[in-house]
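Right after this note come the structures.
Two complexes follow with chain A in common, the first pairing it with chain B and the second with chain C.
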Partner chain A sequence: MALAAAPTATRRRKFSAAGRPWIPYLFVAPFVVLFLVFLAAPIGVAIGNSLLSQQSSGLGFGGRELTFVGIDNYIRAFQDSDFVVSFGRVLLYGVVQVPVMMIIAGLLALLFDSALVKAKKFFQFAVFLPYAVPGVIAALLWGFLYQPSVSPIIQAFTSLGIDVNLLAPGTVLWSIANIAVWSNTGINMIILFAALQTVPREMYEAARLDGAGEARIAWSIKIPMIAPAILLTTLSSVIGTLQLFNEPQVLKTITSNISSDFTPNMAIYAASTLGKDSQYSSAMAVILGVVTLIISVVILRITNRRSMGATDGI
Partner chain B sequence: MKATRLTSRTARRVAAGALAGATAIALLAGCSASSGGATDSTAAGATTTVDFWGWVPGLEDLVAQYNEANPGVEVSFHRMTGDDGQKVEAAVDAGAGPDLVQLSTHDLPDYVISDRVQPITEYVGDIQDNNTESAWTSVTFGDDVYGVPQGIGPAGMMYRTDLFDKFGIAVPATWDEYLAAARAIHAADPNAYIANLSPSEIGQWMQEVQQAEGSWYGVDGDSWTVGVNDDASKLVAARWQTLLDEGLVTTEQMWTPEYWALVNSGKVATISYAAWFPSLLAENAADTSGLWRIAPLPTNAGSTNSGDSGGAAVVVLKGAADPAAAAKFAAWLNDSDETQDALITVGGLFPSTKNGLASEALMQPQPFYGDQVINEVFADAAENTPSTWVEGPNYGTAQTAVTDEFAKVVTGEQTFEQALDKAQAATIADLKSRGLSVAE
Partner chain C sequence: MASDTLTRIAPLAGAAPGGSGTGEDEPRPRRRGGDVNRIAGDRVSRGWMIAVTVAMIVATAYFLIPVLWLVVASTKSTGDLFSTPGFAFADFHLWDNLVALSTYDGGIFWRWGLNSVIYSVFGSVLTTLVSAVTGYALAVYRFRGRKVLIAIVLGSMLIPGTVIAQPTYVLLVGLGLNNTYAGLLLPALVYPFGVLLCYIYAQSSVPTELIEAARLDGAGEVRIFVSMGLRLMGTGLVTVLLFAFLGSWNSYLLPLLVLTDQELMPLTVGLTGWSQSSITIPGLQILTVVGSLVSIIPIAVVFLSLQRFWKSGVTAGGVRF
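And now, the complex of A and B:
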């Protein structure tokens, strides 16, 4: 790689010597502009907004003005026990949903990569297909399957004498997790499967000569080789968990056991649209962003250390 | 090891490629959107345009009728669906809002305080006399009028004649009789219930609180008072707590397939709701046609009060280009003689206008209700609704707090009274965080 990089560098230097040093900037400009306009600026606005508050006085009919209140909105968010609980709820959800989904996606990817499966393309497509269904539609579909009077699944259970309520306070979180697993296993499987294709086939041959079976090859070669892809998919799944919104918001219309602040994102939505307090909800959004960042960094740190340890072992 | 590094680099390169592609698409979309806008705007002529958002059925025809009769004004109508109501505020703040919008009167104080509506007192003075006093009060703040009332929600009790006949139980006229009937029905058939209690359906709660002369808000000098857990609410709370504790009601969420299945199954004997509900019941429970009648909402001891779950108003938003034209259309739409029949029969509104209440269209027999003239019941209810309810500034927060807490009541985690106390505290805390003064 180092050898390949050298000539490029020389060529680039020639370009700048020709008096056009702005060319590279021109190429990155679209990205930088969109990044600034649609990511950096909104974050800046949200942070700025979160330090303000709309204040009126008396009955409020004398108009209102934006005042600087420092970190008051943040203090209020941390004191809001429902908002704090919503983080605990999605973390509990994530601790279960992400591993379950990753294990299923990983097993399927290994299965498709092995020689065991016939009609591989068809099954891969079948597993991937739910991902193509928009999240809201998926929640609506499953919503019908969760309601006793219209759900063939629950009716089947009932006819067997088993009473199930998939929308009860204790089960509704897992009913949401089920939708997320159904929707997202496919894309993770595809990413892991694609990563498996890049593993040099000679390594399997070498392992077989050393007497390793298929299971041993999967465990000792395939999984370590696709560790970066596993990390990538896990990380995006964890972020998706923290941003949980579509599924519970849709299911909320069929069960009152999902409160308006069931997940952090729902609490933010409720504060901004129902509570009409965009400053407070900005503070909540910044907190969610920071928590997501911290969790991502922690996961990256842990896994980096682990994969380095593994490398030392080899 | 090397292979690993290669993979991650490849992944990064792929990601960068995808992003570049997305950028190109976004740029293209941006171009086409702006060029499209430019061609559209050239079409506008010398006429005044009024953008109007509303949800009442049949408004399209009335708007067309107005446009034909008034060549100088072009009203364009947008039917509100889904969460359009929640988009209005952002649209107004961005300067891209409509000129006229239909609002729940519960939300109006928030709009007034946040300066998103315009006073239209000078344009609508002449229609005041055509509106009932309570409806006009609901759009008046201080000395200014902020909207034209459009329908109210007086309450009635829809009941299944077949169930009451079968069990030989008299239709309850008071809440005490209601509780007795609830026990008798459930005793006669363990699968039958007097009602369904939907914790998310705030209107059903509100009509009974209003009947008991309670109010979520009040004004004390220059301060708001909050009454989410006032005595009237606690009276209603005690009633439903008993019904819930004794297992005399179901607790399905309203408007779901589950709810309509329950209603259609004949397990629910009564539904108490506003004047706009009967047509929805007829639509969603067509097979039960002829089995339903409507009686007045049961009364509290020593009172003949009925209740109301709230009405709507058409308001002129901040930033409306021609507030006079907008207000003039709103007044015509809701108060002229020629629109009353359409609003009642097609729109399904229960009028708060005097010419609407006198309209023949209002007092028609309804085949679904065994040819009963159901609006006689609602007209009486409108007359017997106490004018104690006061609209307040953070209705959205209060409503969310109440419904979230009620959900925990039907699962048995807490009582109605505890739920009301929590919602009261949340509502007060929110008012204070806005700098409003609250008298406790």
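And now, the complex of A and C:
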């Protein structure tokens, strides 16, 4: 302890008293300014805006003026059943999509980490390639594959005598989930694979000497060792599902089974552009932000209790 | 302590740019160098091998087939797109389609492509610089407010860009920056995840001793950062650059809100606009297909060319066949 503490103290002294104490502030200034203008200010704008409402003045001819309405916009949002349902929809979606994707990504990462896979580079490229396809383009692409008129998938099913409609009210959510799995499995696999690479190989040798098989090693050593990476990827996937926008917004153009407020973000976009109600839209954005934050914190709490050292020494 | 200093100094010799130290103060080394004694699992049964190979082929088919379909579909005429089987080549119309793509609406597609390149290249380079200088300062200096800033960076990672897209749009309208390049470029520069990555990389790859030595030689702090810090953080910066580039290239909601001028739109917004219009203008359907294919190519090239770079950092030393 003493050994470790001494250099830290030296470092601290040397680095804070370098003659020009303003240097660190100069270095962080660009980020801080940009942060204040493009992250803190929008949050402030959203909160402030959400407490206002447009009221048509006089006979409704002239301009509309903004009046303070308190939490009226929030009450309206919570009473808006479509908006509430959109949250339920993305939660249902996330409960299925995130585990499916993480299990596929984890299995692939474990396989790539084992000696079982030949032609690793090619297979890794294949799995990662969809991540290089922009989400919107992926949605356009799958959109074609969901349309009976052009889709080879539906053509194949039809030739087998099976009638499928991938854009029906009951299936369209899972068709969207499929696009997300297709797009994002690759990056999650790469992150988990990279984490597996950092596990000291000696641990496996010791386990093998003790008679553990590959499956047992994967379950009892590899997975616990990469718990922080699993947490990171799961958390960002959950945040991603709450923000769901691109895929349903694109698919909306080819099916009438996706409403303009299918997901919370779509409802915000619709209120802002179609409804021209920036104040109501801001209130919904604040609600979405708070819900995201709460779910993130809950996940961090639950998993932090189980996996120590997940904070990476920060 | 001696060996710690050694591994910390090792990158100075230029042996491993960005190679991480493995001192007691870093409980979890990010990667391992020189890992050659990997057991090749020589007693793996044939059955498992076959099962795994089949699984890999199925997975590969799932991930590649949509892209293959896009390639095949791009070579078809509008009529054949609807009348021929999806994976069967029909009359080869790729060149005609590319000409149509390039000339439609005065070549607006290439304008969108140029815009996407502008947003992604400028955006990612600037984002990486801002993140690098911030992460470096957080790792190297001890100053008042440092802990607060770290907390802010960590906290704002939980605030997804799309949640503040609408308020950002309101703000940009207020600033008169809606419908401008700057309006889309500037908000992207706040990239807390990039700052965090740079902070971690700077912590593990910029040795204190080296900075002190440079100071004794009379180098200024800015020069130390530019000539040593950036170089030592190399691998990490490429990772941040790649993620920032992908982020800009994929960005959709903010440009959709902020831009109304066709001339300023990136590919994502332009192509979805075409897809939407193809309901009334059938010719646009094939243009959307070809345009999608063309728009994927540069990003795949960027990823592939950078892959060697950043994957070498991630999977360093693993001797595999």
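Quick notes on this structure:
Going forward, the second predicted complex is superposed on the first by the 287 of 314 C-alpha atoms of A that agree within 3 Å, B and C clash if a C-alpha of one lies under 4 Å from a C-alpha of the other, contacts with A are read in each partner's own complex, and residues count from 1 in each chain.
Simple rule for what comes next: contacts are C-beta pairs under 8 Å (C-beta built on N, C-alpha and C of every residue); 3 or more make two chains touch, one makes a residue touch a chain.
Worth saying up front: this structure is predicted, and the values here are computed from it rather than measured.
Touch criterion met: A:200 reaches chain B and chain C at once. In the superposition on chain A, A:281 makes contact with chain C only, while chain B stays out of contact range. By the touch criterion stated above, A:45 is placed in contact with chain C alone, chain B being left untouched.
Legend: residue contacts after superposition of the two complexes on their common chain; A:84 is shown touching neither chain B nor chain C. Of the two partner chains, neither chain B nor chain C is touched by A:221.
In the superposition on chain A, contact of A:270 is made with chain B only, not with chain C. Of the two partner chains, neither chain B nor chain C is touched by A:212.
By the touch criterion defined above, A:100 lies against neither chain B nor chain C after alignment on the C-alpha atoms of chain A. Set against each other, chain B and chain C differ in how many residues of chain A they touch, and the higher count belongs to C. In the overlay built on the shared chain, the residue A:115 is in contact with chain C alone; chain B does not reach it.
With the contact threshold set out at the top, residues 30-31, 34, 144, 149-150, 198, 200, 228, 253-254, 273, 314 of chain A are in contact with chain B in one structure and with chain C in the other. Residue ranges of chain B in contact with chain A, taken from their complex: 1, 3-4, 6-8, 10-11, 19-20, 23-24, 26-27, 83, 86, 89, 110, 112-115, 141-142, 198-200, 219, 222-224, 253, 255-258, 261-262, 393-394, 396-397, 399-400, 403-404, 406-407, 410-411, 413, 430, 433-437. Contacts from chain A toward chain C in the complex involve residues 3-4, 7-8, 11-12, 14-16, 18, 20-21, 23-25, 27-28, 30-32, 34-35, 37-39, 41-43, 45-46, 49, 104, 108, 111, 114-118, 120, 122-123, 125-138, 140-145, 149-153, 155, 182, 185-186, 190, 193-194, 197-198, 200-201, 204-205, 208, 214, 228, 239-240, 242-243, 245-246, 249-250, 253-254, 265, 268-269, 272-273, 278, 281-282, 285, 288-289, 292-293, 296-297, 309, 312-314. Here chain A touches chain B in the complex through residues 30-31, 34, 53-61, 63-64, 76, 82, 144, 147-150, 168-169, 195, 198-200, 225-229, 232, 253-257, 259-261, 270, 273-277, 280, 311, 314, going by the rule given at the top.
Residue ranges of chain C in contact with chain A, taken from their complex: 1, 24-32, 35, 37-41, 44, 48-49, 52-53, 55-56, 59-60, 62-64, 66-67, 69-70, 73, 81-82, 85-87, 130-131, 133-134, 136-138, 140-143, 146, 149-150, 152, 154, 156, 158-160, 162-164, 166-171, 174, 186-187, 189-190, 195-196, 199-200, 208, 212, 215, 221-222, 225, 246, 249-250, 252-253, 256-257, 267-268, 271-272, 275-276, 279, 288-289, 292, 295-296, 299-300, 302-304, 314-315, 318, 320.
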